[in-house]
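These are the structures in question, set out in turn.
Next, two complexes with subunit A in common: one pairs it with subunit B, the other with subunit C.
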Partner chain A sequence: MAKSNKPIVWGPFAAGGTVTAFVTPVLILLTLLAALGHVPDGLTYEGMHGFASHWLAKLAIFAVITLSLWSSAHRLRSTFFDFGLRRDKQIATIVYFMAIIGALASLMFLYCI
Partner chain B sequence: MAKVNSKPYQREISNTRWYWRNETYMRYIARELTCVFIGIYTVVLLVGIWRLSQGQVAYETFLQALRSPMSIVFHLVALAFSVYHSVTWFNLTPKALPIQIGEQFVADRVIIGAHYLGWAVVSVVFIFLAGVF
Partner chain C sequence: MTDRSIELEVLRYNPETDSEPYWQRYSVPHHHEWVVLDALNHIKENIDPTLNYRWSCHMAVCGSCGMMINGSPKLACKSFMRDYENLIRVEPLAHFPIERDLVTGMDDFVSKLARVKPYLIPKQDKPVEEGEYRQTPAELKRYKQYSMCINCMICYSACPEYGLIPKFLGPAAITLAHRYNLDSRDGGREQRQEEVASGEGVWECTFVGACSEACPKHVDPAGALQQVKIASTIDWFKEQLSSWLK
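After this line comes the complex of A and B, so read on.
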């Protein structure tokens, strides 16, 4: 059987696509309210800090950020290809690297909360 | 080798504008471009978590920065693209997750409908937990 890294790349993409499909619109709606000056109670400093202090919330935030970044990176890679940029190997390296950097950064920030 | 006298075929389709030719291509490229907005928005969330970890003043500066006109426009566009991602993603679920019970496959609209229902429940729960009402 041919060895392929496709399942490793594609698995988190599918998971991330599903997670973003369920949660991203409502998250955007909530920060849009904040952007319009009506900060929901849960998004104030006290609310967010209280929420993000719990380990389960940290895990959820880490999962959402990491999977969203990975699925965006994977789709961005194929979008670059669709727009005629055919240096797939370099593009794949850059986008996945950026997603991993973002995931590690979120881990560090969550640890500091 | 025989001399080839014909002109080589020139592909007349532009690499960057090919999808304008056809509505299906347009929908495809719109779906693929949702990743740009979802990706940028995730970075906004990441910045929010970073500012939260730096304390109250930093986090409130972040909330203030969200109020810029550019941020509001970005939110509106990103909301539209993320909803488009959700709709296209859920509409494909019967192909990705066909469910067979006995001899019969569960109807597409049942699988899609269950995802839409889940999406609605998740959204309402988030809005409730965030204390909007």
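After this line comes the complex of A and C, so read on.
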């Protein structure tokens, strides 16, 4: 039986899942803190802007956003299937396309900083 | 000591006389130390000798008495009646065709098991005179947990993916392939990957994790499948890379 090409979508999904598990809860907490007006000292707008200006930080931010988006897209694809929506090809195209759009958008924003 | 009686509702089906399965209720004595299998044996011996079910060892080793107990796949010999209310519903394992009463058809699982070659394929054959294949305790520890599988098929019954996609190779077969792949004496991984890394293999798993929750031997098939996915992904990228470099 021929080997599947699934690793090409599963690889970034697994990486994204790991990143999401570690980073996303912290990001949510920080965002909530900022939204409630308690911005930690190191996370002021100027501080973050300066951080995101460095190419290494840009790379890290891009990796976190892209892998998380891809991971969510792939998980959504499996979830649709589990809920009985069997148009896997169409669903996969839509969710992966959305993740790629998000990745491109983050690339543009990071480029403009 | 019998302190009360308990109702057992059993799904019955005889393909020669019944057009579809039906529920039959039996009243059995409740003993504190009885498992559901004891209740079934009591019915078979004292109430209704026509009841059919598989069992052999009564000690969670043979893997024959897997069935749905109150909707969950369990070994009947490991499910104490004291842990249930006054009515226990017993059905054949989900996702498998019923042959008769609680007996299900195992052909699909057995053929899948054979496809992954769950036996040692030595790297190099050596004559008996050269002695045994030796293994250190650390090498044994790598796969020991996955060798505890008793082929009871409870993980297939628990797996929603297997229910949706019957061609899925499934938890136990892939876990056993992994068990032999991890064995220091084995050299058959490449052959097994033909099945395991195919579209019907490990990639149908979406890591629901129900197999590991249901497994009566704590094999953790879900963990094994995720390790297989990582190894297969590394294989895939290596293969792509080597074909580009040619």
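Worth pointing out:
The rule is short, and it goes like this: the second predicted complex is superposed on the first by the 109 of 113 C-alpha atoms of A that agree within 3 Å, B and C clash if a C-alpha of one lies under 4 Å from a C-alpha of the other, contacts with A are read in each partner's own complex, and residues count from 1 in each chain.
Note that in this section contacts are C-beta pairs under 8 Å (C-beta built on N, C-alpha and C of every residue); 3 or more make two chains touch, one makes a residue touch a chain.
Computed from a prediction, not measured in an experiment: that's the story for all the values here.
In the superposition on chain A, A:78 makes contact with both subunit B and subunit C.
Touch criterion not met for A:60: it reaches neither subunit B nor subunit C. Of the two partner chains placed around the shared chain by superposition, subunit B is the only one that A:102 touches, whereas subunit C remains out of contact.
When both complexes are overlaid on chain A, the residue A:94 reaches neither subunit B nor subunit C.
With both structures placed on the common chain, the touch criterion links A:48 to subunit B but leaves subunit C unconnected.
By the touch criterion defined above, A:7 lies against subunit C but remains apart from subunit B after alignment on the C-alpha atoms of chain A. In the superposition on chain A, A:20 makes contact with subunit B only, while subunit C stays out of contact range.
Taking subunit A as the reference chain, the count of touched residues is higher for B when subunit B and subunit C are set side by side. Looking at subunit A, you'll find residues 14, 78, 82 touch subunit B in one structure and subunit C in the other.
Those residues of subunit C lying in contact with subunit A across their complex are 160-161, 164, 193-195, 197-201, 203, 206, 208, 229-230, 232-233, 235-237. The touching residues of subunit A, counted against subunit B in their complex, run 14, 17-18, 20-37, 39-43, 45, 47-49, 52, 61, 64-65, 68-69, 71-76, 78-79, 82-84, 102, 105-106, 109-110, 112-113. Residues 15-16, 19, 29, 32-36, 38-39, 41-46, 48-50, 52-53, 56, 59-60, 63, 66-67, 71-72, 75-76, 78-79, 82-83, 85-86, 89-90, 96, 115, 118-119, 122-123, 126-127, 129-132 of subunit B are the ones touching subunit A in the complex.
Subunit A meets subunit C in the complex at residues 1-8, 10-11, 14, 78, 81-82.
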